[in-house]
Amino acid sequence: MAQIGIGIVGGGYMGKAHAVAMAAVGAVFDTVLRPTLEMICTTSEAGAAEKARQFGFKRSTSDWRKLVEDPAVGAVIIASPQETHHDIALAALGKGKHVLCEKPLGLNAAQSRAMVAAAEQSGCVHMAGFNYIRTPATQLARQIIAQGEIGRITFLRAEHTEDFLADASQPGDWRTQGRANGTMGDLAPHIINAALALGGPITSLVADIATVHQTRGGVTVSNDDQSGLLCRFASGAMGQLFVSRVATGRKMGYAYEVYGTKGSLRFDQEDQNALWLYRAEGPEARRGFTKILTGPLHPDYKAFCLGPGHGTGYQDQIIIEARDFLQAIHEGQPRWPSFRDGLMVDQIIEAGWKSHEGRCWVNIENV
Amino acid sequence: MAQIGIGIVGGGYMGKAHAVAMAAVGAVFDTVLRPTLEMICTTSEAGAAEKARQFGFKRSTSDWRKLVEDPAVGAVIIASPQETHHDIALAALGKGKHVLCEKPLGLNAAQSRAMVAAAEQSGCVHMAGFNYIRTPATQLARQIIAQGEIGRITFLRAEHTEDFLADASQPGDWRTQGRANGTMGDLAPHIINAALALGGPITSLVADIATVHQTRGGVTVSNDDQSGLLCRFASGAMGQLFVSRVATGRKMGYAYEVYGTKGSLRFDQEDQNALWLYRAEGPEARRGFTKILTGPLHPDYKAFCLGPGHGTGYQDQIIIEARDFLQAIHEGQPRWPSFRDGLMVDQIIEAGWKSHEGRCWVNIENV
Amino acid sequence: MAQIGIGIVGGGYMGKAHAVAMAAVGAVFDTVLRPTLEMICTTSEAGAAEKARQFGFKRSTSDWRKLVEDPAVGAVIIASPQETHHDIALAALGKGKHVLCEKPLGLNAAQSRAMVAAAEQSGCVHMAGFNYIRTPATQLARQIIAQGEIGRITFLRAEHTEDFLADASQPGDWRTQGRANGTMGDLAPHIINAALALGGPITSLVADIATVHQTRGGVTVSNDDQSGLLCRFASGAMGQLFVSRVATGRKMGYAYEVYGTKGSLRFDQEDQNALWLYRAEGPEARRGFTKILTGPLHPDYKAFCLGPGHGTGYQDQIIIEARDFLQAIHEGQPRWPSFRDGLMVDQIIEAGWKSHEGRCWVNIENV
Amino acid sequence: MAQIGIGIVGGGYMGKAHAVAMAAVGAVFDTVLRPTLEMICTTSEAGAAEKARQFGFKRSTSDWRKLVEDPAVGAVIIASPQETHHDIALAALGKGKHVLCEKPLGLNAAQSRAMVAAAEQSGCVHMAGFNYIRTPATQLARQIIAQGEIGRITFLRAEHTEDFLADASQPGDWRTQGRANGTMGDLAPHIINAALALGGPITSLVADIATVHQTRGGVTVSNDDQSGLLCRFASGAMGQLFVSRVATGRKMGYAYEVYGTKGSLRFDQEDQNALWLYRAEGPEARRGFTKILTGPLHPDYKAFCLGPGHGTGYQDQIIIEARDFLQAIHEGQPRWPSFRDGLMVDQIIEAGWKSHEGRCWVNIENV
């Protein structure tokens, strides 16, 4: 079987998820290209060695340059802090390595543009790590929309709400400093990507961005706790977005509802194995929202289980993402969402800040 | 028992609801003041007579002036089309009659201001017919917020979504002509009233108002199908509102969610006997949204049933409203929501239009 | 308009519900026959007078014989304790009065048989007060089954669960003494009636009946806290029933699910405005349980509201029951559920006790 | 790192699930003992080789005796048809191999008894493959019960409902022949195991077992489509169980509700990331069922994700099971559920058949 050596930069939450995914993906999807866990990089040599042992990598390093230059590493997964993405990606692409980069691409749209340029010139496969878009239910939602089953979209509401900083008494840390770590920088990318995937391009928006708890443990918070957007899609559809890290009670509130002229859809990642569909057809007295449980007839589900309703989980999304990445490499084609798709998300975020600061509507083409 | 003669202008949907409410309210709440069904007014003499027979009124008329001048009529319920509210209210108040006027008050904020002035000068009781605010669950939500149980409010989302015009092939009629009958004029008042009741005064907003189906049956639609708002409350809390008559699948989507620093609330009128409450207290591993079923411990429920979970319905809200109106008359005090509260809603709507037309944020004090 | 004088025996929870229903039913349903509130009977003269004032009855008494003999009373509603049903019903029927008797009919099947005999000989209208069967959603469920939409029924599960005696420290009272007040006597009738209405006749059963809290406040509890049944319907379908007053957390757990060869249904009275329907038809990848919100297309809903999803409540069921009773009187025909239907329920309960005591299956025809 | 060679008998649905689990478990849980995928056995040499390639096994065979005798294989997972379990298990245990056997153990209680005897004499680790008991939510349910949070259990209802044979026109196959493949043989084990784990030992029961579709494609169906049980636990609690493969609309209806004197629990595998908890404490007007989303504070969740609400899926249960198996081997101790626990389930099934055939209650100690 054809093989490709995987290098992962980052041994935290996402680094582990990608490592597990690469260990499992071959058996799950019977991929043509099989990954080998070549090298992992974290901030210390000892820590990296420990992660290599746990996850089953052959080697480890605390210097990401060694990883991207390692000849056995054919593909690099960037799961390190956001400020490192740009440099690692450019170095890896420069060495002809395929790159899967966690969202958001760069620290800002300028960095992201440079990453897109490098990726598109490189001839390598490049992917942005929007994993949530890969749950079977959300893939099904995209199918339903694409096939016109709910007609023309008229309204889309999407949110990414969590409450990890809802408690005002929680002291500040790196998450409460710097735009990249606020709600627009850290949470908005996933749900903006979903909005674009489901509703198409956004052409204008107005945003309101707020810091709810101004200080934490005596230190001023320098980034945003919640953000609201009102927008229009190229199709003319209206949109409302909301992102929060102080939405008390919400744990993984990546949720959307899409109204169309013939039907509508609802989804909430906290109940990720169900998609709610309403169709304006059939006898009116029998209509209502149908709770469709994901099953083997829905995208990518049956690799995990032959029975409907048994359900996939968070880790499974990352396995699907790993399959996409390997398949793209095998086919030699970038795969959605590419770095360019990641840049589109960054542009929306940039427009959001511009709108907030100018207290005005902003057209996206003017970003 | 003390009695008061009731006159109702309007024999349609809301006229009937008020008539039934007045027939039942005495037995339900054992009110001190008991209503007698004196006179009903609809557009034709024959129609009015027929409604009087059905609903049990003593007399009928097709001239609302006769009704407001009738000496046996002590209180007037205005349930006729919106464009008639102003004149009837002023006439009734001029005759010293107490007035319960269906929402929204006037055709525009100017009319509403005149109605408020007349009402406040009259010494009569005046109420705006925001019935949904009276469901036991929403009354409970207000209590929970007022008692600080969810802390300081940081975000409020509210919607009133229905789909009665979602079908593009449905021909236009009076509902598709005139601002008063669009979503901002007809649907927004209820939910804006809820937003104010739950979140306090709104100080600024930006709105986007849209006609989704431009023509119906060859005739141009002159009013709006959906409206989105982003706003700020006086408290600093952020808000998102949405109103639609083309939200395919939604039947009575009067729904809100309120996030606070210590908890949060969710409600949907389609499941009106439940309020969802999250409290950030107790062991973290046992937290979650609690579905509180309304019962006799919650406001106004036990008059309908001594058992929890048995549930109240739409008609019961109108009975509660009738009780409030009778009690206000008995006590000689205006009762929330008064005409002035109705005017506050109209001001938000006016600001919404101003924002939409100017494509800008609007401060409410500048309306 | 034709009128009929109503007499109600009982001024408690159900007496009030019937009084309110009779006050509202004419306006709600535009009934041909209109009720007048003639007389109410409770246990004391003063109490009865007070109830008459509150509910709007012309006269009152503490002697139910006076009520059933009153010439102005044409129909009697029996909402007094269960041990009084038999005598009042026989006296009323003997005087040619139509009778609506709260469930269960008599204290035991023998009393119920006598009531059925008297009712059927009298030529009067007789109805058993199974109000829950009248919610629009449950009426819809019956329609769906009758029209074969879910095919042949294969399994039916039904429960009536509440928790009003779940707390072991709650002292005993009349509810904890006497079979008539236990779960088989007091709660089972409603849900057995539903099981029969949805699934058809029950032909055999095995039951397990239990007292969970043996003593309360030092006094021995003499009746049952929960009961489970396994049964077969005449159709061959299998059934499971459960009734409890110690089902912690359940408030109005009148719930059922019905599986058929082509579909299935689910309902829970705690969410009485929704019926869940699954149909094994259409593309498999789009199937799921559909939440049908009750609306004007469903039985008896539109008298309460012209908008779907606005919802009916507990009191509305009693209004529907009042309409049924008046219509039956107007048509001179007994109406389902008649006293005979009530007797069928009592027979199941009797069989349940026989099965429990004999620890064996019991055939219903052998009761 | 210590390693153990894994051999899997069976390359179907469950064989794959176990293979993927063994590939991922080390990285997920950082297990002390690490599995190596040594050998897989399926019915043909070519098929086995193909599965070995897909799943990453070193070798393959079509003869399970070669697998259990292979010196590199230290632990055997039996995921082959039920009729093969007994022989493979005895052979493997005889060779000193640790065994994880899919449920149910043997074809009947006699076989299961022999397997238990062999396992307990062998000194090897033995586990029965009840994977569903390992979802974080169900583990949490067990904790809540064990810690007395819902008090003494008074009632437990459990079901395992699917609809894979609901369609009467579906032709028969191996699944419609033989008791082992009917609902009592194939579906009941999982949910009986859950009932025992949550409610403790069952002491008596009465069962009704039915074939709904007597013939399929002209061939007589020889096993059962659905089964209902009424039972009592050693604690005195009452129980109701139901198992069906014709429950139209249900896909993975492994569900239970447990009522206790202080609270209650509800779970449905179709929504496996939520556990519903009611506690009879705190202000009564704030009580209700709380939807607890699984998160890192709940058993075994955080190995999959550090964020609450992100969710685990079917495959993750098998990974947890793999961890349990490896840990048991490492510690040299059998681990719940052992073969003996599997036997207890078989005894309930055997009692169910005896009850059904005798149309009587059966005491479990008399089986």
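Every chain is named by a letter (A, B, C and D) in the order it is written, and numbering of its residues begins at 1.
The rule is simple: a contact is a pair of C-beta atoms (placed from the backbone, for glycine too) under 8 Å apart; a residue touches a chain by one contact, two chains touch by 3 or more.
Since we're looking at a predicted model, the values are computed, not measured.
Using mean Cα coordinates as chain centres, the one most removed from subunit B is D.
Two chain pairs are in question, A-C and C-D; the one with more C-beta pairs in contact is C-D. Homomeric contact subunit A/subunit B is classed as same-residue, with over half of its interface positions used by both copies.
For this pair, subunit A with subunit C, the centres built from the Cα atoms lie 54 Å apart. Averaged Cα coordinates give subunit C a centre that lies 41 Å from the centre of subunit D.
Along subunit A, residues 250, 274, 287-289, 293, 295 each make contact with two or more other chains. Taken in their complex, subunit C has these residues touching subunit D: 150-151, 154-155, 157, 163, 166-168, 206, 208, 210, 212, 225-226, 228-230, 232, 236, 238-240, 242, 244, 246-250, 259-264, 278, 280, 287-289, 359-361.
Subunit B meets subunit D in the complex at residues 140, 274, 277, 279, 284-293, 295, 297-298.
Those residues of subunit B whose C-beta lies close enough to touch subunit C in the complex are 1, 13, 16-17, 19-20, 23-24, 26-28, 30, 53-56, 162, 164, 250-253, 269-274, 293, 295, 304-316.
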